[in-house]
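Structure, as structure tokens:
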Amino acid sequence: SSGRPADSSLERAMDELLLRAVPAAPPYELREKTPAPAEGQCADFVSFYGGLAAAAERAELLGRLARGFGVDHGLVAEQSAGVLQLREQPREAAVLLQAEDRLRYALVPRYRGLFHHISKLDGGVRFLVQLRADLLEAQALKLVEGPHVREMNGVLKGMLSEWFSSGFLNLERVTWHSPCEVLQKISESEAVHPVKNWMDMKRRVGPYRRCFFFSHCSTPEEPLIVLHVALTSDISNNIQAIVKDCPPSDTEEKNKIATAIFYSISLTQPGLQGVELGGFLIKRVVKELQREFPHLGAFSSLSPIPGFTKWLLGLLSSQAKEHGRNELLTDSECKEISELTGGPALETLKGLLSSNDWAKSEKLSRALQAPLMRLCAWYLYGEKHRGYALNPVANFHLQNGAVMWRINWMADASFKGITSSCSLMVNYRYFLEETAANSTSYLSSKNIKASEQVLSLVAQFQKQSKL
Amino acid sequence: SSGRPADSSLERAMDELLLRAVPAAPPYELREKTPAPAEGQCADFVSFYGGLAAAAERAELLGRLARGFGVDHGLVAEQSAGVLQLREQPREAAVLLQAEDRLRYALVPRYRGLFHHISKLDGGVRFLVQLRADLLEAQALKLVEGPHVREMNGVLKGMLSEWFSSGFLNLERVTWHSPCEVLQKISESEAVHPVKNWMDMKRRVGPYRRCFFFSHCSTPEEPLIVLHVALTSDISNNIQAIVKDCPPSDTEEKNKIATAIFYSISLTQPGLQGVELGGFLIKRVVKELQREFPHLGAFSSLSPIPGFTKWLLGLLSSQAKEHGRNELLTDSECKEISELTGGPALETLKGLLSSNDWAKSEKLSRALQAPLMRLCAWYLYGEKHRGYALNPVANFHLQNGAVMWRINWMADASFKGITSSCSLMVNYRYFLEETAANSTSYLSSKNIKASEQVLSLVAQFQKQSKL
Amino acid sequence: SSGRPADSSLERAMDELLLRAVPAAPPYELREKTPAPAEGQCADFVSFYGGLAAAAERAELLGRLARGFGVDHGLVAEQSAGVLQLREQPREAAVLLQAEDRLRYALVPRYRGLFHHISKLDGGVRFLVQLRADLLEAQALKLVEGPHVREMNGVLKGMLSEWFSSGFLNLERVTWHSPCEVLQKISESEAVHPVKNWMDMKRRVGPYRRCFFFSHCSTPEEPLIVLHVALTSDISNNIQAIVKDCPPSDTEEKNKIATAIFYSISLTQPGLQGVELGGFLIKRVVKELQREFPHLGAFSSLSPIPGFTKWLLGLLSSQAKEHGRNELLTDSECKEISELTGGPALETLKGLLSSNDWAKSEKLSRALQAPLMRLCAWYLYGEKHRGYALNPVANFHLQNGAVMWRINWMADASFKGITSSCSLMVNYRYFLEETAANSTSYLSSKNIKASEQVLSLVAQFQKQSKL
Amino acid sequence: SSGRPADSSLERAMDELLLRAVPAAPPYELREKTPAPAEGQCADFVSFYGGLAAAAERAELLGRLARGFGVDHGLVAEQSAGVLQLREQPREAAVLLQAEDRLRYALVPRYRGLFHHISKLDGGVRFLVQLRADLLEAQALKLVEGPHVREMNGVLKGMLSEWFSSGFLNLERVTWHSPCEVLQKISESEAVHPVKNWMDMKRRVGPYRRCFFFSHCSTPEEPLIVLHVALTSDISNNIQAIVKDCPPSDTEEKNKIATAIFYSISLTQPGLQGVELGGFLIKRVVKELQREFPHLGAFSSLSPIPGFTKWLLGLLSSQAKEHGRNELLTDSECKEISELTGGPALETLKGLLSSNDWAKSEKLSRALQAPLMRLCAWYLYGEKHRGYALNPVANFHLQNGAVMWRINWMADASFKGITSSCSLMVNYRYFLEETAANSTSYLSSKNIKASEQVLSLVAQFQKQSKL
């Protein structure tokens, strides 16, 4: 919103649009007697917004909407005073309840009316999902900021949460008989282990695999969130066996299937971030799988550890600044690395991690396995954000009640896997009888339930680092 | 809730249930970090409620829920004070916005959480629709009363309005190829012109007829509200031609179709009363019909006038008390009635209307046509409730923007038609270009748009009654 | 085909139509190079035929088609001579095979070409099914006769058998969610135990019941043949429990289901008579039921015995003529009947059976049970047509390999049941392991496999009647 | 069928199988009273055949079936004699008709019973389609020969023609919403213009394109024959614009669509060769397109000319042998080619056509255009097989009643296009009013209807070659 002429004319157009398009809030008494705004009024907003090509322009419009069409603070204060007065001079319940209802009504931001009416247009809900995606991106890119925008984001999220409530979600299974449209969308949205080509995709919906998604009941065949499952004999300790190797046979033999591995979960609609979908999807898929395979013994994820390498490099940098300090490697580890590389361990390690070269050397790999496993265990288990696990994937599965079960070496040997998490992946295991209790315990007391393997690695780290 | 032992043990069970089933409201800070209550917790409420056979028992439970698990008034007052203080000692926007958000959060009644979680259960939304139907019935029967219950009803209605928003409704057409299940439901819910048997139903979904309903996208084939349409050459002035006579031919000839008559609209889910469905349905059906018949010239209802006879009998009674007063009939009308029946006009008329006998006599029918038409025009146009039309059907179509177009004599010659509205029916006509303006004008200024026929009948009434 | 003017002009129109519509048979050499006749050519026949309102007129047209457009006997004789000559003066195989193929081609009646091309029109196969129904009815009513018509019927049946081959039939299950159209058709075609109203129909597709039909894959939802099944604990010995009584519960309890009773099978398309559908349908339904209820223990029909009363009355008449002869009743039976009715036993019995009155008297019922059961056993087991069971229902189930298992007293106490078969019904039981062998044995050696009950009743009859 | 031991044991197994699996033909009298063979009997054949890995083994089995289980020639001769005798000593019609029917029955080869029963198995028809594909391939490869095999092929083709009659075919449209399975099959079966990848495929089912196929009603979503259509403004004169270029816009503008170009038709089931499918498909698609675009002005193919280059090379070779003879090029053409290449024209041309190099030189291209167009016109119009067009694609469209409309230079500039037909393609245009007449004229009189362009090119050729 600089002062350039072109901009200011756009800004004027924005203000005019908003004045025209955002419905006025009717007085409390008439709130149920007010006709819906003309269809064109809200459609105007949709087409104006759609015509804004630049992210910055859309952000500007959203900012103006948030700041200019929120709550009438004077009215809120007035109604608050009314409520307070009734507190001091009590009257019959009906009077208090109505005063509170007026206050509640006053607290509804005006832009909520706009969103509400847009939601009734054809494709309106889809538009709002996209609008929120833009808003989140604009916030991330700092194109727009401030408490009003945060409030509007919260309001939108609340509305989307109502609409995308689990009662309105349909579980759909993807097979090679699904429409190409669907498979293309799923293929493109697969962020965890990218799909190379269509035969790769065919493999992921073929024998010993399941692919499910949630769609909203009003838009069938539109994936909102996708879960890929592998049906295996044991809990997988690497992703290669799942996405690269061929299935044991072309038709499934039920007796070879003892375990369900959730190896990828992707939200295809960024505008639904924060709307609870993933946990529900896993629960529903578990039920679906149990119906098909009543004797399925184990459920577990095989999850990436995004951010581990980056965290570790940061740690190496900060320790490098404090010369001589080394809480990350044991002496013998340092020695071995130095011998293998001919340089000082920490610096060398930093270089190695940045270049991925270590993975090509068997010796280096062997030397690094123990320290990296230990460090990773700490990263997952010990690093926190507001008391919860820092790693978002860990946080997701722990919220769902899973156990941090096994850290796996050379579990993702792809370039991406080595770059982002030093080849490590982790299984979060779902013990169905305990997930509810684990979830409550994690959310309320921030306790992380972990296996002996993980706890022992954490203990080794703590011993070494004296943390 | 008398003091009988059996009751008090049931009441204790109710209180225990509610304490167990209604989720606690987490503190504002943890509102997004609180795990969903265990499935069983809410399912408990559902099954307990389902086990209550008597309407009075269900009403009792709902009353306890409304009174005991609403808003924490103390907290609301506290937060209101916080907002007021910021008004007096302004600080940065973020602080005010957060204070308002805390207040907003405090204003959410605790039972909303229960409803929210029930909505996520399988069949949960359907349960809540039924629960609200029970609540409305209990209020009508005075089984439960008071502001808390009214507030809970409002909260439920708000939630249902979000879920049954037009974006999530599917328009389905009923034909003889639709499932028997659907036709049976529609047949049973047809309140306006009852369906006699299955061939009667087949007729109503056959040639020159259309039958549409809205279903929620999560429950296809479950009618929420049903609209019956007849495709005719002219605007029908009686219902017999629609529900009794045979169609002009077995296959529709498009050139015989110039008019769409909405001859019945029925809400099949009483729990959705007040959720805006009927107006939307008519709009959608108009669009659908225009797609099929681009040259359709006129859209009109052929509507019953429930309550007219009852209103008229009341009027006759009150005038009868004031001896000698007669503002309802002209002198010549009085004379003619007296001559035909041999008794005093007003008393005789009262008896005739109560007995339906007048309709069997051609002479009496002819004598009564003019006064009844005039009185009916006044009933529809002049009688008000809070400024809006007293007659609910009139109010519905006027809200939608229709014009009160023509009152029709002998339009429903069935027993029911003569009993409830002296054989009269009325066309509310939809001039598509004007409905939006009409609707706004009616809702905001309470203006009723009526045709010359209606206005002239009203004028005749006014002249006679000196009102 | 009298000589009246109107008729003769119709006959002329028929001849002209046939000359125009029946495609000429191309010479053998060009048989694959001949273009299909113009669509209009065959459609002409279809519309002309459709315009003939009277059965006699349609029969006349079919007779003319059969007689005038069959095989060219001269050509057949010529080609036969060619084949015979090669028999006498052998040449290489190719020459003989081609001669035979020419002969085969010459033996194809010309009207087959008409039917073939009609089959390719929209709705053409349906038309031919109806045409054959007309043909069969016309033959039954003697509206048309002779070997040419019988041949044409055989050719049509052969074509329909190819088209309605089991590979092209879909098994569809009827439920209350099926289209009304389907349920109405099934209801109307139920010949065995007529459907009274729609709730009666709902019952027959509800819990503890199954209703299946075959449709052709090109016309889904059009029942060709329908099978009704009751799921019971024991093999039912009366129809009242199935079509009148309420089910044990509203939801099926699998452990109460041990037996499948086929209580009605109806061909809905008379034009498909003789096309093997019923046996296939029973086989497919058995498989379907086994899939749903793997532990189903017994499969049996509960079948009517059409013609039994009529047969018995005939027998009584013929014995009455030979005064004094009585091979049907034992002396004590005669005495008891005489005592109860006060008249001579045989004459009385004849009167009783004609009037249905006996069933209202408990004593008479008891007295008649033994002789009627015995006579019925003989009727079913001993009366033959060309060596196979005379009773068509018996013949049908025996061909399928069922066992004549139990004759049941008071099994159909309806007016129709008492009138047509003295209240008796019979179970044909399907022992799945043995049906193939039983079927072969019956069809090749005409052996009827029956249970001890039936055989013992037959023996009693034989002893009495000295047959 | 050499004499090696291994083979002879396989041959013995084959003979045993056939004796076991091929049902005996019942006597004429019992033909309708014979039970179907046990399911296992025919299934045996299916699984034995399926187990034969080598094409030669399958061919051997089919040969034995054809030779050993055909018609009983003795019986045919006997029945022929019976028919002949009746010709000489006439009796009533019924006797003759029955004698003919017996003869007809005797002429049915025994293996027809096997095929008939296989067709009733699950997947049986599909098996027979595959079996015929094998048979055709075996005949083409001379793995099996002789009149018995040809006869069996004819019998199978006749049965398949009955089953795949147009009344049982469903037209399905392919879009990007169709199952991947379907798109993969269509992509793989596209023989005319191979599909490169999935985006290529998406293009061919996207805007301004249509893709239709016939499936049998018993196996929906299984393409039997596929037709690709481009919707264009003019009759396309090259394939590049259709399969490579981007569409004019992403959404179709109806006013830009004046022409439908059939640019590829592929039979996906070789076993259905000779069963009339292609002509029907084009007719159905024309109707479908007319329904969608009532004002579509022109229908035309854009067809390849397989075999042209090969034919031309053969001609050049044979003329080269007759030294000095040259009826293919004019003197000036010879001179120009010699000048451009520095060698003798005919020899040089032969080399050029074999190498595709000429297309890379603009000058050579220009020099060759006129002679190649002329020669191609003759190839299509003048070269015959049994009086019909030698080129199979030409023969197909001419049979359907199309006109040989335009030969297009550089119409397929792909390697394949230049190699097989010197870059030429041809439009066969469908003038809907005339196709029926054209088809009859071509089939009965072998007249080829061609445009002036084609006829003028043919005249040039004839003038030059003095043919």
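Should a chain be cited, it is by its letter among A, B, C and D, assigned in written order, with residues numbered from 1 in that chain.
To be clear about the criterion, a contact is a pair of C-beta atoms (placed from the backbone, for glycine too) under 8 Å apart; a residue touches a chain by one contact, two chains touch by 3 or more.
Computed from a predicted structure; not experimentally measured.
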Item to check | Path length in the contact graph (subunit A to subunit C, fewest steps) | outcome: 2
Checklist entry - Out of B-C and C-D, which chain pair has the most contact pairs? => result C-D
Item to check | Reference subunit B; chain at largest CA-centroid distance | outcome: D
Item to check | Separation of mean Cα positions, subunit D and subunit C [Å, integer] | outcome: 43
Next on the checklist: Based only on mean CA positions, could you tell me how far subunit B sits from subunit C in angstrom?
Outcome noted: 55
Item to check | Touching two or more other chains - residues of subunit A | outcome: none
Next on the checklist: Quick check of your reading of the touch definition: is the inter-chain graph here a line, ring, star, complete or other?
Outcome noted: ring
Checklist entry - Hey, which chains are touching each other here? => result A-B, A-D, B-C, C-D
Item to check | Residues on subunit C engaged by subunit B in the complex (per definition of touch) | outcome: 176-181, 183-184, 198, 202, 221
Next on the checklist: Using the touch definition from the top, list the residues of subunit C that touch subunit D in their complex.
Outcome noted: 30, 33-35, 38, 70-71, 73, 76-77, 80-81, 83-84, 87, 92-94, 96-98, 100-101, 103-104, 107, 119-122, 124-125, 146-148, 150-151, 154, 159, 162-163, 165-168, 170, 216-218, 274, 276, 388, 399, 436, 439-440, 443-444
